[in-house]
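Each in structure tokens, the structures are laid out below.
Below, chain A partners chain B and then partners chain C, in two separate complexes.
On to the complex of A and B.
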């Protein structure tokens, strides 16, 4: 780390004040109020690991049942419940949350930041995830376990065939998805804006590139499932007709919505796994990653193309051949991108001096297994082959090769690699190696025979099989392998946990690694870095940065500073030049309160109690208001001594502060949500044998009035955001303008809401009669939700104006409100196009 | 006083655009190919009218050809910026140029694989 000539080192008092600001809460307060990224990341990973072992036990029960033909260890119903909960647990409660936890822990450290951008929101997401898991597993307590598979195909999951268990599944899923989308927004902002000075895009760790790509995928792909699950819930409990063929609906719509999420989900799991390998393998090969730009390109290609593969899960649903061929082409294309990464890893191994450490063993296990899974992936990407292998154990073998090979082995490589960083202790290499061989051997013994049972015609998702099928021995081998595999996982867990007490103490960088997390203490201190590191290359610990006065000034300004509020540098997107200071949240009880309120709302809906729902709404509202007030108090404290180091203001308008990125991301989420509903309506329209002739909403004045009111809200918020000085020292002068802007925006938003409700009331639509009516009302409902969110951020701007003396924070909040209202305008436009424009113009 | 934001040379903007265009073009190619072909054919079939397969096929291929040209043009710009950056000692622009070139090639191949299907298969079978 270099220093500037004029720099003065922080005094002991300043260091002490800095440590105090970043002090972790103690006792029970730590459990409920801690928001620091390492605490949240650890909780994600520990909770996910618990769910992993629960899901693993469910798999063992299933394997015991299938060990021999025609066994009765489990009933058919219990088997259905177990395979449903196994898939649900592994996908929604283990894989994605674990990787989000790993990212929450590692990204700020790797990027040289002190926390995630919205630390309280990050914590809120964790609590939502935990409550989702508790809600899903409460189904065992009440004896209503979901049994329609982790994919919940309609009509099996519809009102006709599934009981309340499906509602539990849908609400639990919705909470988990909300958490995942929130975590994605966190990842996008931290990677784009909170990198250490000098860490331009070409110097960013592959893990950060990957998590950025994955976060974009989550926003684009998880929102459709959230919308889909809401539509299914409406069908089940409100009598809508989205999936009912007799009323213009179509069960195939659920498959589209589910797999628009489901296929990217595979890459949401694989890509971070691959990124872990791209971090671990070079360190243990003692050579930089070969072909960095091409690996980045491969990650981007994989992420984008994964969004266009969903139909390859629907090859046997009767879609036209050309439709299938489009998606076969996409499925084949993506394998090339994955191949590029494999070549880069092999070249790195070839060029380096590999050490056979435990992380390296798991990395090699990944390479072997993932390539095998990729090859069978190319096979099932071909529509004719898939038609033969669909719904057989061949597919089960394929996706376990991809998911365990592509995600679980890298996770274990990563855990053994970063354990010294997490805990300050090095796990036993001997036990680690034994656990690797058990998991590797056990895995292949379990899943390789499934290729053969599948090709022999053994169907998946069936609780037993006929002895005459001739696959008894293969199934027995799979069952034995499953227990070996489980013993490997248990031993890996024991090895890691034992190291907490008995492991050899680790210095900051026991592997001689190159990325910034290894510059922090092991385990890292609460603020990660007293002095923010400066980056001059892709391997900052292998190549110390050359002196750059601008970067060094920022490092010096943040050296154990500021001391009155938590803050970290905010840098420019492309080249990570110094920009502003981002305030970081301190501990708070409100995230858990608000998430608890949300979970309570779902419980209220499940038990059909208006009182519980009403109480939950109060809890949520009170939680958000208190949360916002605490935010503004902290920012006020930050402003009291701004700018940091006399140079970096505490937040600034536009993309120079995290809030702008958050508002933009929220707007994108809204647009994706309404686009999903519009797609659904259009899909149903072209596929339904009977559709209302000339079916337009037919309320042009009300609709135009809604749009106009939203435009007015944007204009008022934007106008307000242009008033008042940004300079810290300037006298505030725009209080009146800000209050006028916030009030006008609020009134315009309220008018838009009233007009939307008026469309609903006067449209003469009955959502129970036809899918068209259901779809139109869903679009209006989505618009209503978007407007309510717009009103919420407008309220925050008003609170900011009332609580801050200076003009800058209200300016920023009004600008953020304008951004979100712009998103609402797009939502309105899409809704109008779907309800009036397209039906009037097409067919 | 605030830190002076870094300048944004035109070359960087061109390189960034060249990185963003190929993925957007591929998504558009797949999305439009699917929507135009599947939705149009299904809509005609649902309403009991014979679908104009030739027109639909030509429309899909035409759209894909335009998007392919756009992707390749982005790649050409990216390669030019990559070459320029080598002379200017601008590693970020050079990286973005190389990334854009690689993305252009990858996504162009993807668009070609989508576009050839209506040429060899019955469009509204």
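On to the complex of A and C.
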């Protein structure tokens, strides 16, 4: 990093002021108020690791039960509970959160940023996830453990066949999904806007490309599951009919919603695993990743295609051959994208000089295993093959090859690779190698025989099998292997933990790696980088920094600066040219309070106590208001508003601040949610034998009024956001315009809410009589939720206006409000199309 | 006999399973070959002997080599797998064309209706007014159209040697075509998790030669051997050699114990859930017992059909198969003996 002659290095006082503003809270405050991405990332990973061991112990119990035919170690009930919780835990409480934690820790470091874009929201998501896990596991305490499988097919999970355990499962799931969607928004914004100056998209690490793709998948795929789980909850407790065949519903709707989520979910777990390999394997091969553009293309193509393959989980539900052929072809095609990545890794090994370090061992173990899982994946993608293999141990073998081979081995490679960065210590290579061979050998001993067990006719999810099936020996091998595998995981954990005290000190870059996280201290300081690095190539630490005065100016401006507020450079999307300064949140208690309130609301619903629900609503509302006030107070502090280095404004309207991106992402989430409900309604209409004739909502004036009110809200917010100078001055006219705009938007939004409620109240529909009525209620309900969120952000804009002397912040908040209201308008349009336009046109 | 049953997908025994078998083996072989090639390439890449330290760029890293490296990735990683995948895909679609979807009714004159229940199978032959449970009898050498429905939760119908799985979904009727080349007993089971006793939701498919099948149908269509005294006065009160339906050759007399057992059955709660054709037992919640004694297994495959197992099942069904719908019945030893003797007479 060259220093230009005229530039002055920060003084000692400036450095200490900078460190002061980034100081970590101490004592109990640290536990409850820390929002820094490294604490949040660490918490995610530690919590997920705990759940991983819990889920692993459940697996061992199941393996003991299955070691011999017709054993009675576990009752059928316990076994069914265990496989339900094993799948739920590994998917929702381990794999996805662990990867989100890894991303929360690594992305800012890799990209050269100081924190995640919305650090408090990031923390809020972590607490939601933790409370989701506690809620799910409280089922063991109250003796109502979910037992309908991690896929929870209705009717088995519906009101008729499942008890309250299912409600615990659904609420826990909803909370975990909420956290995952929030984490996805964080990842999108950090990758798009907070890269080091000069890190254009084509210089981004594969890990960043991948997490961006994965985050988009999460937004598009997890929202449908969140909606689906709410629909099921309504069926269970509010008498709606979405999945009830007697009243126009269809149990297959759940399968569609579940697998629209469930298939991308597989890639949400595998792609980050592959990305870890793309980071780790080149470093330990001492060679750049061969075919970088092809790997990026493969990742993006996989992400897009994964959204269109879900039906291959439903081959046996009785679909027409043309559908089966289409999804067979599509599902097989996606493997080509994985083939590209595999060859890129092998070509990198071939071209480089590989070192057999522990991360390399796990990377090779990944290749060996994942390729096998991918090939069995092509097999089960074939509908006729799947009809035999589906729901047998062949599939169990297949997806454990993909998930343990494709996600867990990379995670272990990554942990051994980044452990020196996380802790400053290098874990023992000898113990690490032993743990690799134990996990690798144990894994194949456990899961290879299952291919044969499955083809021999043993289905999944059975608590026992009879001796005449002839799979006793295969099952015994699997059980022995499971214990070897478990010992390998325990040894890996011990090796890593032991390194905390005894490991050799590593220095910043023990592996001679190429990406930016290795330029930070080990472990990184609170702001990660005192001076922000500039980037001129894909391997910034292997190549000299670029000679680009514009980039250097930004680096110099942010050199141990600013010192009055936490901030990091915000750069343009494509080229990462200098743009503005993004403010980064300081510690706050409100994320844990609001997340706690949310968890309390679910508890209140579970125990059916209006008092608890009411109290939780108060806690949530108070938490968000206090949170917003704290945000504005910090930003309002006069000097915080001065441009950094006199050049880079602290926030600016348009896509030059994280908030704009956040509001856009929130609008997209709302649209995906309402689109899911609309899809559900259309699916039911197409599949139901009888559907209400002339089934329009029939409230055209109320509906049009709602739409007009939302348009007015957009227009008012937008108009307000155009007023006032950008140079951090304050003008009375702008103040008046902002107040008028916020008030008008708020009133228009309130009118829209009232009209939406009026549509339902006057429509003479009863959601308990037919799925159509239920669907209309869900559409209007989604619209109502969207409007309430719009009112919330409008309120924030008002708070910003009232707390800030200057005009920029209120402008930005009004603009964000306009963005979100635009999302509400799309929600309204889709709801209207589904309730009036389509039924009207069809009839 | 039961032990000799093959339950694997190999070898297939006819129809859909036969057609899929070739595809299955193609995939297994092609997949294994590809895997061996990739893993060999990986080992060679790691272990190959390298020339002395390569000349490196000033940054200590070999250059990007965009030309050669990109070609390798594009062709070996993209084009080569695409070619293999296209081949496999074509075979899959052809297989699907030959086997997939709803069977043509004209090609499948025999129709069986199967209704999945938690946790057993109701089997009906609508054209012959025959109802049974957990056993599907089919003629060999013909396509049999099986119509699948469910009134409770989702189940899945799987006879590994005859055809792939097809789900039983509430509100839908799905169809699977069975075709057995040889007479024999083929093992089947529920393959979709359906609740507590999913593991014990099994059935058998018994394939007969055409004449034997006709005989079976005819026998099942009649009320059982000792259907009991009915209101229209048919059949002797006790010890009679014949019943109104006509006794099958070799049928034993309706002994006193059988009559006593029948009395116990008809006067207890059994009748609320079970049907025995020709008697006042008309319940529909549980399996039809008209020809119970002709079946190989009881409890959807959980126990063999013998006296000892029947006794265990009747007195403690919740111990044998917890969570099934049948409550236990409290009977003295003599009553139980009589009841079982009656049930054993229902051939």
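One rule holds for everything that comes next: the second predicted complex is superposed on the first by the 833 of 843 C-alpha atoms of A that agree within 3 Å, B and C clash if a C-alpha of one lies under 4 Å from a C-alpha of the other, contacts with A are read in each partner's own complex, and residues count from 1 in each chain.
Rule of thumb we're sticking to: a contact is a pair of C-beta atoms (placed from the backbone, for glycine too) under 8 Å apart; a residue touches a chain by one contact, two chains touch by 3 or more.
Computed from a predicted structure; not experimentally measured.
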item: Touched partner set for A:632, first chain B, second chain C, both or neither; value: neither
item: Touching partner for A:574 - first (chain B), second (chain C), both, neither; value: first
item: Partner chain(s) touched by A:252 [first = chain B, second = chain C, both, neither]; value: second
item: Touched partner set for A:115, first chain B, second chain C, both or neither; value: neither
item: Of chain C and chain B, partner touching more chain A residues; value: C
item: Touching partner for A:332 - first (chain B), second (chain C), both, neither; value: both
item: First, second, both or neither for A:457, with chain B first and chain C second; value: second
item: First, second, both or neither for A:235, with chain B first and chain C second; value: neither
item: Touching partner for A:320 - first (chain B), second (chain C), both, neither; value: both
item: Which superposed partner A:300 touches (first chain B, second chain C, both, neither); value: first
item: Chain A residues contacted in one complex by chain B, in the other by chain C; value: 293-294, 320-321, 325, 329, 332-333, 336
item: Partner chain A, residues of chain B touching it in the complex; value: 1-6, 8, 12, 16, 23, 26-27, 30-31, 33-34, 37-39, 41-44, 46-47, 91-92, 94-96, 98-99, 102-103, 106-107, 109-110, 113-114, 116-118, 121-125
item: Chain A residues within the chain C interface of the complex; value: 75-77, 80, 147, 149, 153, 155-156, 160-161, 245, 250-252, 286-288, 290-291, 293-295, 298, 316-318, 320-321, 324-325, 328-329, 332-333, 335-336, 339-344, 346-347, 349-354, 356, 364, 367-368, 371-372, 375-376, 378-379, 382-388, 390-392, 455-457, 459-465, 468-470, 514, 539, 542-544
item: For the chain A and chain B complex, residues of the former touching the latter; value: 200-202, 293-294, 296-297, 300-301, 304-305, 307-308, 311, 319-323, 325-327, 329-330, 332-333, 336-337, 550, 554, 572, 574-575, 577-580, 643, 646-649, 652, 656, 682-683, 685-689, 691, 842-843
item: Of all residues in chain C, those that touch chain A in their complex; value: 2-3, 5, 7-10, 17, 19-20, 23-24, 27-28, 31-32, 34-35, 38-39, 41-42, 44-46, 48, 50, 54, 59-62, 64-65, 69-70, 72-74, 76-78, 80-82, 85, 88-89, 92-93, 95-97, 99-101, 152-154, 156, 158, 160, 163-167, 169-172, 174-175, 187, 189-199, 322-323
